[in-house]
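Each of the next two complexes has chain A plus one other chain: chain B in the first, chain C in the second.
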Partner chain A sequence: MLVNVGLVQALMSGLLMGFVYSLIALGLSLIYGVMDVVNFAHGEFLMLGMFLAYWFSVLFRLDPLIAIFIIIPVLFLVGVGIYKGLIKRILNGTRISQILTTFGLSVFMANMAMFLWTPNYRLAERHLTSTTGDLSIFGVYLGVPELIASVGSILVFAFAYYLIRFTRTGRAIQATSIDSEGARLVGINIDNIYAITFGLGISCVGAAGVLLATFYYIFPYVGTFFSMIAFATVALGGFGSVEGSFVAGILIGIIESLGGFFISPAVKYAIVFMTYMVVIILRPATGLFGW
Partner chain B sequence: MKKGIVVVCTLALVLALGGMAFAENVIKIGAIYPFTGPMAGTAQMLKDGVEMAVDIINNKYDFDFLFADTEGLPNLGGAKIEIIWADSAGDPKTGMSEAERLITSEGVVALIGCYQSSVTKTASQVAERYGIPFVNGDSSSPQLTERNFKWFFRTDPHDGLYARQQFEHLIELEKQTGESLRRLAIVYENTEFGSQVARAQEALAKEYGFQVVEKLAYTTGATSLNSEVTRLMASKPDVVLMAAYISDQILFTKTFKTMRFAPKVWHNTAAPGEPDFLKSVGDDGNYLFLRQGFCADQVVNKPVIGQILEEFRNKFGQEMLADAVRSFHAPIVLADAINRAGSTDPEAIRQALLETDIPGDYCLSPWEGIKFDPETGQNIHSQYIICQIQDQDFYTVFPSEFATREPVFPFPSWDDR
Partner chain C sequence: MPKISRKTVVTVLLYVGAVVIAPLFSKAPFYRHVLIMVGLYGLLGVAWNIMGGYTGLYSFGQSAFFGIGAYTSTMMLVKAGVSPWIGMLCGGILAAIVAAGVAYPTSRLRGPYFTIASQAFARTFQILMTNWDYVEGAIGIPLPLMPDTWRFMQFKDKIPYHIIIFSLLGIAILVCYYIERSRTGYYFRAIRDSEQVASALGINTVRQRIIAAMLSAFFTAIAGTFYAQYVLYIDPESVTHHALSIEIVMVAAVGGAGTIWGPVLGAAILMPISQYARAALGGAGRGIDLIIYGVIIMVIALVRPTGILGFFQRERTIEGEGGDDVDTTITAGTGSDDAVRGALGQS
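Up next, the complex of A and B:
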C-alpha cells in the first residue's frame, strides 16, 4: 500500500515538475530551431524571471501570479533588445563565436545578478494567500504552488503553441525555421522574425522562472542546473521540435522522480542524463520527435 | 565582481602603506579568506570578526577581556597587530600561493583563515613547510587536525565532534521525554561535507545502538526534492539527521511542509543558522534543531559577550553572527601567544601556542577555554551547542549547562502550528 501511495506521489510530483521543464525547454528549442543558435544563457534568463518575480513581490507587493502578466512582455522586450544588440551580430559568425557569445552572456548575467543582488538566497513573497498551502488527494500530497506552476506552464506553453502554429507571424516563424532563404524570397522579414522568436523564447523561460519563484529559492546561479535539464530535454525531444519539448519535459520530470524513488535520489539526475544519452545514441540527429 | 577585487586590492594597499609608516612596532599576521566568488558574503562576516578582535587588541576598551585594558601587546612595547588580507577565491591552489606570498614577500609572522576546509588544508601545508604558525578558527573538517602538523592549531570544534554531541543530545531527549528515538534517517548532500558527516553519524549510530532505517544521499541544487521526501516518509523514522547546504535546506523545509512530513526530531548542521534561512522560510523554520558554534542567547551566561556584540554592531552596522565569532578567536589566540613569547620568532610563538591556556571567560563560544592538544593542535575544550529555532529565533537547548530554553518536543505536526 505504502509503495503504491509512494509511487503515485512520485509520479504526480514528477508530472508537475515535468510541465515546468517543458516550458523551460520550449524557449531553448525554439531559438535553436529557428535561428540555429544554441543559447547557453538560457538558464540565466530563468534566473532573471525569478528575480523579477521576487522584486515585484517585494517592491510592488504583487504576487508572482499577477506580476507574470507584466514580466512576460518585459522579458519579450529584453529578448528583442538582446537580439538586436548582440545575437544579430553573430548570426552569420562561426558556431564557436556563437557559443562563446551566449556563454559569455550567461557569465555576465550571473555575475551581474551577484553584484546587484548579492549571492544570498531568497523566496518571493506571496500576496495571494489562496494560492499557497497544499492539498491531499487519497494520501498524496501536492503543493498548491507546484500545482499552479504546472498549470501555468501548460497555459503559457499552449499560448506559445497557438502563436507559432495558428497565427500569421507563427507561420512565418515556421517558414523561417524550415528554410530561411525561401522565407526571405517570399517576402518574410527574417530579421523581425528572429527578433520575435528570440523574444518569445526568452519570455517562455522567464515565465517558467516566475512560476518557479512561487516555491523555489532564488539566487544568482539558480539557472545553471535548470539549463542542464533543459539541454537534456531539448535533445531528448529533438532540437527545434515544439511538441518534442512538451513530451520530453514530462518524461524527464517523471524519470527523475521515479528514479529517485525506486533507485536512489543520489543518482536521479544520472538516470535522467543516461536516458538522454541512450536517445542520442539511438536517434542522434533528431531526438524523439525532431525533424 | 571586478569592483570587489579592486576594493580588496586598494584596501590591502592602504593597509600595507599604513603598516609601513609604523613598521617598527607592528606585528603582521596574514589572513586568507574567499573574498570573491559565491562565499564573498560569508568572507566579509569572517573579516569583520577578525577586525573586531584586532580592534580590541590594539585599542583600549572598558570591559573585562584579553587585551581590552591595554593598547597593543604589553610585552612587546605596545606593538600593534596588523592584518594583511589575501583572497583565496575559495580555490585551494590560490590559497596555497597566497600563503606563500604572505610568508615570503609580506613577512607575516603567522597565518589565519581560510574558511573552506579544502583551502585551509593547502594553505596550512605551506605554513608547515616554512615553519610559520597557522591558527584556524573557521574550518570544520576533522581531517585538518589529524595530519600531525607541528604548526597548525584549531580553536573551533570539528564535524566529528559534532556528530557525537548530536547523539548525546538524542539520548538526553529520550531520557527527558521517555520516547524512543531509535529509528534514524540520515540525509546528506553527496559531496565531501555531507558524506563526512553522514559517515560519522552512521558509525556513532552503531556505537550507541541506534537503527539507521534510511541513508539518503541527494544531489545539492536539486530542482525538486519530492522523491527524496517520499522515500524518507516510507521509512518512518523517529529522527531525521540532515547535512544540507542552505539552498537545499530551504527546499527540504518547504517539501516537508507540503507533504506533511513531521518526524519527532529534525536535527541539522549549521545551515538553518544562516540568515537567509529564516528570511526565506519564516515560521516554517520553527522547531528545527541545529548545531551552532555560537548563539547570541549565551549573553546570559557571559555578560562580556553582550558588550562585544554591541561594539560589533556599532562598528559594522550589523549583528555579529556565528561566522564572525569563529574567526574572532584566532587573532586573540595569536596575540596572546606572541605576547607571552615576547618575540615574533616563529619557534617562540609555536612554543607559546602549545602553552596556551585561555579561560572560558575570554571565549565568545561556549567553551571551557582554549588549550591545544600538543599532538594534533586541536582545542581540547571546544564544543558545539545545539540550538532550536523557536519563535523564529535561536535558543540553546543542549548541553544543559548552556541551555536557555526547554526544547519543543516532538516536532509539531504541520497542521497544529
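Up next, the complex of A and C:
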C-alpha cells in the first residue's frame, strides 16, 4: 500500500512538472516547425523569464503570478527584437551558422546573467500565495506552487494553442510552417510571421520560466539544463508538432519522476536523456507522434 | 602514404621553432601556463575538427571523451600505480571504443539532431560519473604527488608539460595532414558535403563516421590524461562539464573548422583572452571570457561562418536532409565535386 501511495505521488509530481515541460517545449517546437531553426538559446530565455520574475518580485513587490502579465508581452518584444537583429540573418544561412549563432547567443546570455546578477541561487519573493504548503488529496501530497505552475502552464499553452489554431495570424503561421513559398504567394508577409512566431515561442518559454520561478531556484545557468529537457521533449513529440509537445512534456515529466522513484533521484535526468537518445535513434526527426 | 615535400619539412621546422621559442619570451609561470592551455585546447580543437570540420558532425559532447581520458589514466595510477603514459594510451583506446558505440546508433542523425544527441550523451555521462562511487563521484580524485619524473608525468616546472602537450598536438596535426591527403579524408569530406551522394558512390558512410568519431575521441581522451597530470586533481565538474564541450567547439569554429591550422589558431586567440580575463577580473569577472566568446562566435557565424582561416564555400550542402540536396551538390560544381571525384578516383 505504501509503495502504491509513493508511486501515485511520483506520478502526480511528474505530471505537474510535465505540464511546465510541455510549455517550454512548445516554444522550441513552434520556432523549429515554422522557421526550421533549432534554437539552442531556448533555455536562456527561460532563465531570462525566471530572472525577470525575480526582479519584479524584489523591486516592485509584484508576485510572479501578476508579473507574468507584464513579462509575457515584454518577452514577446524581446523575441521580435532578437529575430530582427539576429535570427533573420541566419534563416537562409548554413546549418552550422544557425547552430553556432543561436549557440553563441546562449553562451552570451547565460554569462551575461552571471556577470550582471552573480552566480548566486535565488528565490523569487511570493506575495499572493505562500511559498510552501502542501495540498493533500487521498494521502497524496501536492505542492501548492507546483500545482499553480502546472495550471498556469496549461492555461498559457491553451492560449497559445488558441492563437495558433483559431486566429487569422495563427492560420498564417500554420500556412508558413507548411509551405513558406506558398504562403508568400497568397500574400502572407513571411517576415512578420517569422517575427511573431519567434516572439510567441520566446514568450511561451519565458512564461514557463516565470511559473517555475515560484518554486525553482533561479541562477544564470539554469537554462542549459532546461534546454536539454526541451530538446528531449521536442524530439519525443516530433519537431514542429504542437500537440506532440504537450503529450511529450507530460511523458518526460513522468519518466523523470518514475526514474527518480524506481532507481535513484540522482540519476533521473540521465534516464530522461537516455530515453531521448533511444527515441531520436529509433525515430529521428519525427518523434513518437510525428508522421 | 603521401610523399614528404619541401613544404612539409618547412612547416615542421616552423612548428618546432615556434614551440621552442614561445616559452622563452617570459619566465612568468602564468605566461607559460597560458601557452600550455593554447596547446591543450589546440589539441582538443584539432581532435574535434576531425569530426566537425572534415566529416560535418558537430559534436557538442566531447567533454565525455576528455573525462574518459582523465579518469582512465588517473584510476590506473591511483589503484594500480600504472604510469600515466600507459594510462593515456588505454584512455584513448577506451574513448575510441565508447565513441564507436555511440557513433553507430547515431549514424542516421544529421545536423542539429546529431548535435543534440551528442550533448545528451555527454550530460548523461557526467551524471553517471558524478554518482559513481568507485571513481569518488562528485568528490573527485586528487592525484598522488610523485617526484619529478617523466615516468609519472609530473613536474614542478612547466617546461616539460609544454614539451609534452605541443608534441601531442604535433602528432595530432600530422595525423590531420595524413587524413587530408588520404582516401579516408576524401570520404570524410564527401560525407560532409552530401551524405546521400557519398553513399550513392558506394562509400560506407556509417563506417567512415565511426572512424572519424573514434579518431576524434582518441585525441580528446589523450588531452584529458594530460589535463589530469597537469592539474593533478579531477572531478566530474572539471573534466566532464558541458562548458568544456562548448569551449572545444568555439576554438575550432573561431579559427576555422575543416582546416588543419584553424583550431590551433582559434586556441591561440581564445585562450589568452579567457586566461587573462579570468586573472585580471577574478571572481567579479566570472563569465566575462564566455561573454566575449559568445559575441565572437555570433559575429563569426553571421559574417564568416567559415572561421578566421576560411572554410570551404560549399558548406551549404552539409545538412542533406531533403531530397533536393543531391541537386545542389551536383550543380554547386567545383567544391563538392572535388571531394567526390577524389573519393571516386582513389577507390
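Miscellaneous remarks
Going forward, the second predicted complex is superposed on the first by the 287 of 291 C-alpha atoms of A that agree within 3 Å, B and C clash if a C-alpha of one lies under 4 Å from a C-alpha of the other, contacts with A are read in each partner's own complex, and residues count from 1 in each chain.
Throughout what follows, a residue touches a chain if its C-beta (ideal position, glycine included) is under 8 Å from a C-beta of that chain, and two chains touch if they have at least 3 such contacts.
Model, not experiment: these values are computed from the prediction.
Partners chain B and chain C, once the complexes are superposed on chain A, run into each other and clash. Contacts of A:Phe246 after superposition: neither chain B nor chain C is touched. When the shared chain is aligned, no partner comes close enough to touch A:Tyr54: not chain B, not chain C.
In the superposition on chain A, A:Ser13 makes contact with chain B only, not with chain C. Once the two complexes are overlaid on the shared chain, A:Val38 sits against chain C while remaining clear of chain B. By the touch criterion stated above, A:Ile99 is placed in contact with chain C alone, chain B being left untouched. When the two complexes are overlaid on their common chain A, residue A:Phe157 makes contact with neither chain B nor chain C.
In the superposition on chain A, contact of A:Phe115 is made with both chain B and chain C. In the superposed model, A:Ser264 makes contact with both chain B and chain C. The superposed model shows chain B running into chain C at a single listed stretch; among 97-105, 169-177, 277-285 or 349-357 it is 97-105.
Looking at chain A, you'll find residues 111, 114-115, 118-119, 224, 264, 266, 269 touch chain B in one structure and chain C in the other. The part of chain A that touches chain B in the complex is made up of residues 2-3, 6, 9-10, 13-14, 17, 111, 114-115, 118-123, 134, 136, 141-143, 146, 215-217, 219, 221, 224-226, 229, 256-261, 264-266, 268-269. Residues 1, 3-4, 38-41, 190, 216-219, 221-228, 230-231, 233-234, 246-247, 250-251, 254-255, 257-260, 275-277, 279-281 of chain B touch chain A in their complex. Remark: chain C residues 58, 105-106, 108-109, 111-113, 115-117, 119-121, 123-124, 127-128, 130-131, 242, 246, 249-250, 253, 257, 285-288, 290-291, 293-298, 300-302, 305, 315-316, 318-319, 321 touch chain A in the complex.
Contacts from chain A toward chain C in the complex involve residues 38, 86, 89-90, 93-101, 103-112, 114-115, 118-119, 220, 224, 228, 231-232, 235, 264, 266-267, 269-270, 273-274, 276-277, 280-281, 284-285.
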